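Letters A, B, C and D name the chains as they come in the text, with residue numbers starting at 1 for each one.
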Amino acid sequence: MMDCFLLACAVLLCGGAGAALLRAFPAASAGLGAGSAVLGALLGLASAIECLRLNGSYERSFPWDMPFGSLTIGMDGLSAFFCLVIFGLAALTAVYGFGYLRRERGRTGLAWCWFNVLVLGMALVAVARNGLLFLIAWEVMSLSSFFLVAHEAEKPEVRKAAWTYLVATHIGAAFVLAMFVLLGTAAGSLDFEDMASLKGAGREFAALIFALAVIGFGTKAGFFPLHVWLPEAHPAAPSHVSALLSGAMIKTGLYALLRCLSFVGPPEPWWGWLLIGIGIVSGLFGVVSALAQHDLKRLLAYHSVENIGIAALGLGLGLLGWSAGNWTLAALGFAGALLHVLNHAVFKGLLFLCAGSVLHATGTRAIERLGGLSARMPVTAFTFFVGAAAICGLPPLNGFASEFLIYLGAFKGVMLADAGIAVPAAALVAALALIGGLAAACFAKAFGVVFLGEGRSEDAARAREGPLAMRGPMLALAAACVAIGLGAFALMPFLAPAVGIITGTPAELFAQPLAEAGRLLLVIALASAALILATALAALLRARLLRGRAVTRAATWDCGYAAPTARMQYTGSSFAQPLLDLFRPFLRVRTELRPPEGLFPKKASFATHADDAARERIFAPIFAFVDSLFSRLRWVQEGRVHVYVLYIALTLLALLVFAL
Amino acid sequence: MPGDVLWLVIALPAAGSLLCLALPSARAILAATAAGVPAIATASGAVVWQVFAQGPLMTTGRWLHLDALSAYHLAVMMLIFALSSVFARVYFGAEPVPLSRRRARRFGALWYGALAAMALVVLSNNLGIMWVGVEATTLLTAFLICLHVSPVSLEATWKYLIVCSVGVAFAFMGTLLMGSAAAACSLGGTQFLNWTYVHDIAPRLDPKVVKLAFIFLLVGYGTKAGLAPLHSWLPDAHSQAPAPVSALFSGFLLNTALYCIMRFIPIVEMATGNAGWSRGLLVFFGLFSILLAAAFILAQHDLKRLLAYHSVEHLGIIAVGLGLGPLGSFAALFHTLNHSVCKALGFFSAGRVGQIYGTHDMRRITGALKAHALWGAGLFGSILALIGLAPFAIFLSEFLIVKAAAETRAYGTLVIFLAGAGVVFIGALRHAIDMAWGTPAAAPAPRRTSVLEGALVVAPLALLLVLGLWMPRPFQDMLSSAARILGGAAQ
Amino acid sequence: MRIESAVHFAAALVLAPLLLGIINRTKALAAGRAGQPLLQPYFDIIKLLRKGAVYSRTTTWVFRLGPAAGLAAVTLALAFVPFGGAPALLAFSGDFLLVVYLLAAARFATVVAALDTGSSFEGMGASREVQFSALAEPALLLGIIAVARAAPGAASLSACLGAVDGRAWAASGPALALAAAAWLIVFLAENARIPVDDPATHLELTMIHEVMVLDHGGPDLAYILYGAALKMWVLGALLAAVLVPVRTGAWAVDCAAAAAGMILLAVLVGAIESSMARLRLVRVPQLLIAASALSVLALILLMR
Amino acid sequence: MHGMTDGIMAALLVLNLALLGTSRLAFCITLVAAQGVLTGLLPLVSSSGVTLRTLFLAAAVIALKGVVFPRLLSNAIRGADVRREVEPYVGWGLSLLLGLGLLGISFWLGAKLPLPAAAPEAALVVPGAICTILIGLLVIVSRKKAVTQVAGYLVLENGIAAFGLAVVPDVPLLIELGILLDVFVAVFVMAIMIYRISQEFDHIDADRLSALKG
């Protein structure tokens, strides 16, 4: 079992190195890189599934000469669940990437190397059982994804995105480092095994660790306002990498947060409140910002913020339940969050792959230049539709299953007498409902403007479906959306051990509530099946009714106007504008308006740009402040040797006065 | 005594220096340094090995002494010298104007001379001789800065001379004060300036005098080591010297001075009752250096000045580590090696990239990876390693320093350290990305790269990578035994 | 599953369009006209079902999917909605979430179908539809939670609405009234009634729901009209169940009370439409946010 | 010998003040040379007295500081063709006042610093040495000509030598010689630098060497 995992690591490592070394032979390099990624991911997937199936917990140590380090890796319910997400998505995106990068084979050798290393790094993060090993894996993951983000580094905006990404991830890593160092110092070793013995060590200490973990891992996960790198990095990366980053890599932040909770629990209520607060803000901010975007991949990136917010809502609920000893609540919250992690990986992976296909076919990510792709790219359009419906949480797809668990937990929380749980739970319900509605609005816009109507540019009119290597993974993920939507109840038994690992209590405590939730999900699955069936019936009935009658095709009815053009279609910006007006205070939308003038107006224009509010309002001022603070130090090096000698004398004097 | 072999470590470079004066052509001189210094380094490696295998060496008359701490520094020094010597040949070979014989002679003689002087500092058991060695390094390297005479290089040399001479003069006062404290406890004889002797009687020294002495030593050697705010000469000298010389300055000249401070730490601590007084000072200067360097890195446009401020930062990090107990000392020593290797590579690459672009202005160096894949990669890799990205070894040593801070409950230090390192990261990365990936101003013709050049880039990066992922047990033991000396152990 | 539940379900399927007829009749009476027949909505649907169809050349499968999926989702939602105190055909813990999301799915299908035509009018309608429904959803869900907390039962619609009886009103009347008020607003907004939307307008620029279905015709339009009627029944039944707390246990009595409640609701809507003007579009979000505020207030009252 | 030491120290201090008050570079060099000779004489009158070792040392110091250095520096200013220090950062009068202040500080420091118990005959040596060191620094910091800075460095060096004599009477000869060699090389190198600077810039104003900053 662990052997299988180790073999996967070896395949990834060798394949990555091989791809880099063979980069002079593009075909061989791409084949080797993609092949090893797929093979390694499948091997890893096998080990993760095996672990989940047997509900086992395995650990393996190897000799490693490293101060405080021990090369201990382990696979348990929680690790295996995240490995499932990582490897599953990695295998599909690798296949897709093989098709996607085919046009630029000359320089993909290194990209495949970093891809393999990224998968390896993520997997190691999920199985590391030592703080130092974890940190190194964490950094390797960040570094390799940094290089992947910078794949098209000749573009200035890509370089800026890569910088933003690495800076954010490094600042996060600093908090993680501090957290592990403090944990390790308190536990006497950096092994997770010893850290787990810290449970209940002291309120202040636990709170400090929790705060550091939320900031450090929240940066990777994309909690507001630490998400700023996300909308930059995801559009910049090649699409299969965007899918992997958004679907799997940001989830390692949640995994690590959960793992750390298992060291310092049981939580206090405010931990739950904090995460629910973060979840509400992230979710709303993410979806509203997404509405304002004109760039398809940027829009999807903001939806990652939204979905991480939803997962945070689940975690917060779970923490509240845990702190109150209400295991039903804990089970529903944590399991909902975990299931949402899986679901988000599936549908966001799918959506990014679809966006990649659009980019591949048209060369643009600008929503307003697209349109009518549904006719020219049916597979992409259909799979995007499935993904869009799933991300909005609509039955019968998978998004509904995880949101249902979180809703149900919140509903049970609202019914409790304890206002400390009921009030945040009610806020959660309200926020989740609003997020759901806004997400539907956003994806109606994205799907409608990109795929429906008429093409708005030459690029859109020329689009063609990509190769099979690209369509296959998209179809597979779309199938997974439906399969998980219908079969989520079957996953419940695998979530109970994972939740048990987070709280450090026997999994049996959670098995019962989750089994109950599973029964509900089964009913929902039946209802969903009924929905599909009913839709089919309605369509059949219509076909039956129309048989033999006149069914004609004509131009779209434009209320009497005779010469409609594609440019007269409703644009994405117009579509989103009423909602954006509502949330304007929370956004930073710049508008450039050149109104029509004169009796015979010639050119007029209107453009909006949605900058990231957190970036502009929080980080830009902080950076400017730090810069001005440090710039005050810069007169020190003013050029004259006299002054420099004076420094020596003054330093000496100061030391004689103060230190002696 | 078997330890007399130590004289050779000084004598061989001195001989090399004379040899260079006699050689007929620039080519021959460069070849002699590129071959001779690695040979001397290999021989010294054998001596170092001897120390770690069988214990410290001492010459007759107790003049020279090689224990774990000095052996470790000697090893690092020889490594940096060997790399830089090989690189010097590559670098001067690629200069638009070849080195004249006169210049080459000056270079070779001073280069070997600097090697001898630094070896003297590291090997010397006598604190006075150690000072003489440090001052000698200043004087010998001064003309290396202005090997290519230009207004700015002269300016840099002048500042280097004045600032370092004045600073190091204070170190001499400190040495004298330390000697007087030792003399007061001694029964006569001339042993009272010997480190081994002072170390033995350290607990009996007058703590007040020792503290006074240490303040002078810290300011004096700190000037040479580039601790802020005494670092003022450093960016000028590093930016104006030819790349191999900059590499040497940053790679070991600074560490030579810091090594001298290290020598005094256990003495001061034992004399002042192990209260951590001297360590606290080091932490203070270290943190200040990190923050000040960060301020300049944020707004830097000159590549070599950027690297120079990184030296200020990293020497600060080492100083912080020295101040944080046994683990901190261990980490600081590890960081010494990592920084030296990485910074040497950084200056190598900066030098070669600078030659290709004809400027060190980072706003004009864009797309180095395209302009010259090898040295572009060296530059990018070294900066990424310098700012502390895992899996390179600098990440590991910085991690250990943070760990040491937590273990000694120096939480304020921990926070400032991480914040400063973060600011440096942000500032340096911005430059690094555009330099590596930007659009090249012009497409330079592809140049053939020799295997030697490849090795100069790959070897340091590989070393940093390996040490970042795997610290062999013997190497850890080596660092531990050196760190024990910093903690007050006799050998 | 009781036989009564099946009867309810069947009755709802048959009677849903009647609500529209009652509303129209009420409006006509208030305006002093004779008005159209009570069964006019049935005639419309049957007429449309008999027709052929014209599809825009721009449209794809999305356009065909819309009406079918919309009708299927609403029908399914109806199966979870109790009638008065009697339980629904289907019920499970948390089924209200499914109902809300089925309605959302129906809306999503309609909206993308509208966008499929490429018409700017339909795009405009779709934009307004998603905007208002996004704001209505929290009000609806919070209202359900408030009712569930006021009348604690199991977490299904049937159970918690079944528990809203006189005692529940006596214990937490204000909260229930607030929730009902919120639902009324949601009911008006979701069913495209005045003051949110004017189903009788003739200017496309001011329409919401109607303008989205401009390009639909024949059986598709019939599906849409019927689906809209069912949706009105779904939301109306919720409202009626809260407003008419007759839970005697005798099926006939409860059922009659609920039916009376539905009729009264229809008349009430007719009265509102006769007495109010349509709000300006930019005012509508405020109304919907006010609905959410009412729900929140209800919850606050209950959580004290 | 008590009086001799005091006398030499007093002379040193007077020379210090004179140095602060003068603007002529040649005179500066002479003053520093005189100071060097006096420091060279100090070991002879200290506690160890006239021995072969002290004689040898004194001869070496006097030869270097009294003869070689002035020659080197004179050559340098002749090459650069400058005679006067004009417009120093700190004017002559203020320099003298500062010098007096520093003198006071030196006596205060000499009493305050935890120096090892000095021999009674060296009572004036420590404060005198500190004062010389401080004045050397003052000269480096406040004067603009490179050559004056070297003079300042030499004054500093003289002060340290005197200081060393007071706190550590018998440093091994080898070390003393090493130090002398260093100082010699330092001045030699600085003189060459001054020459080069004058060649390159046509001036030897250290304050105008400020192109490198930031």
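One rule holds in what follows: contacts are C-beta pairs under 8 Å (C-beta built on N, C-alpha and C of every residue); 3 or more make two chains touch, one makes a residue touch a chain.
Small disclaimer: the values here were computed from a predicted structure and weren't measured.
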Practice item. Identify the chain pair joined by the greatest number of C-beta pairs in contact. Key: A-C
**Study point:** Length of the line joining the C-alpha centres of subunit A and subunit D, rounded to whole Å
**Key:** 69
Review point. Hey, how far is the Cα centre of subunit B from the one of subunit D, in Å?
Key: 31
Exercise for review: List the centre-to-centre spacing of subunit C and subunit D in whole Å, with centres computed as mean CA coordinates.
Suggested key: 99
Check your understanding: So how far apart, in whole Å, are subunit A and subunit C when each is placed at the average of its C-alpha atoms?
Key -> 35
Revision key, fill the gap. Residues of subunit B that touch two or more other chains sit at 158-159, 162, 166, 208, 211-212, 235, 296, 299
Exercise for review: Mind pulling the residue numbers of subunit C that touch at least two other chains?
Suggested key: none
Revision key, fill the gap. Multi-chain touching residues of subunit A, meaning two or more other chains, are 634, 637, 641, 643, 645, 656, 660
Check your understanding: Quick one: which chain pairs are touching?
Key -> A-B, A-C, A-D, B-D
Review point. Hey, which residues of subunit B end up touching subunit A in the complex?
Key: 158-159, 162-163, 166-167, 170, 208, 211-212, 215-216, 218-219, 223, 229-230, 232-233, 235, 277, 281, 291-292, 294-296, 298-299, 330, 367, 384, 389-391, 395-396, 399-400, 402-403, 405-407, 414-415, 418, 421-423, 425-426, 429-430, 433-434, 436-439, 468-473, 476
Practice item. Please name which positions on subunit A make contact with subunit C in the complex. Key: 371-372, 374-375, 378, 381-382, 385, 389, 392-395, 400, 403-404, 407-408, 411-412, 414-415, 419, 422-423, 426, 429-431, 433-434, 436-438, 440-441, 443-445, 447-449, 451-454, 520, 523-524, 527, 530-531, 534-539, 541-542, 545-546, 549-559, 564, 566, 568-570, 574-579, 581-582
Study note, to complete from the structure: Listed in rising order, the residues of subunit A that touch subunit B in the complex are 64-68, 132, 135-136, 138-140, 143, 150, 153-154, 156, 159, 162-163, 166-167, 170-171, 174, 177-178, 181-182, 184-185, 623, 626-627, 630-631, 633-634, 636-637, 641, 643-645, 647-648, 651-652, 655-656, 659-660
Study note, to complete from the structure: So, in the complex, the side of subunit C touching subunit A is made of residues 49, 51-62, 64-65, 67-69, 71-73, 75-76, 90, 92-94, 97-98, 100-102, 104-105, 107-108, 111-112, 115-124, 126-128, 130-131, 133-138, 140-142, 145, 148-149, 152, 155, 204, 214-215, 218-220, 223, 281-282, 285, 292, 296, 299, 303
Point to revise | Of subunit D, residues touching subunit B in the complex | key: 113-117, 133, 137, 140, 146, 149, 153, 156-157, 160, 163-164, 167-168, 170-172, 174-175, 178-179, 181-182, 185-186, 189-190, 193, 196-197, 200-201, 206, 209-212, 214
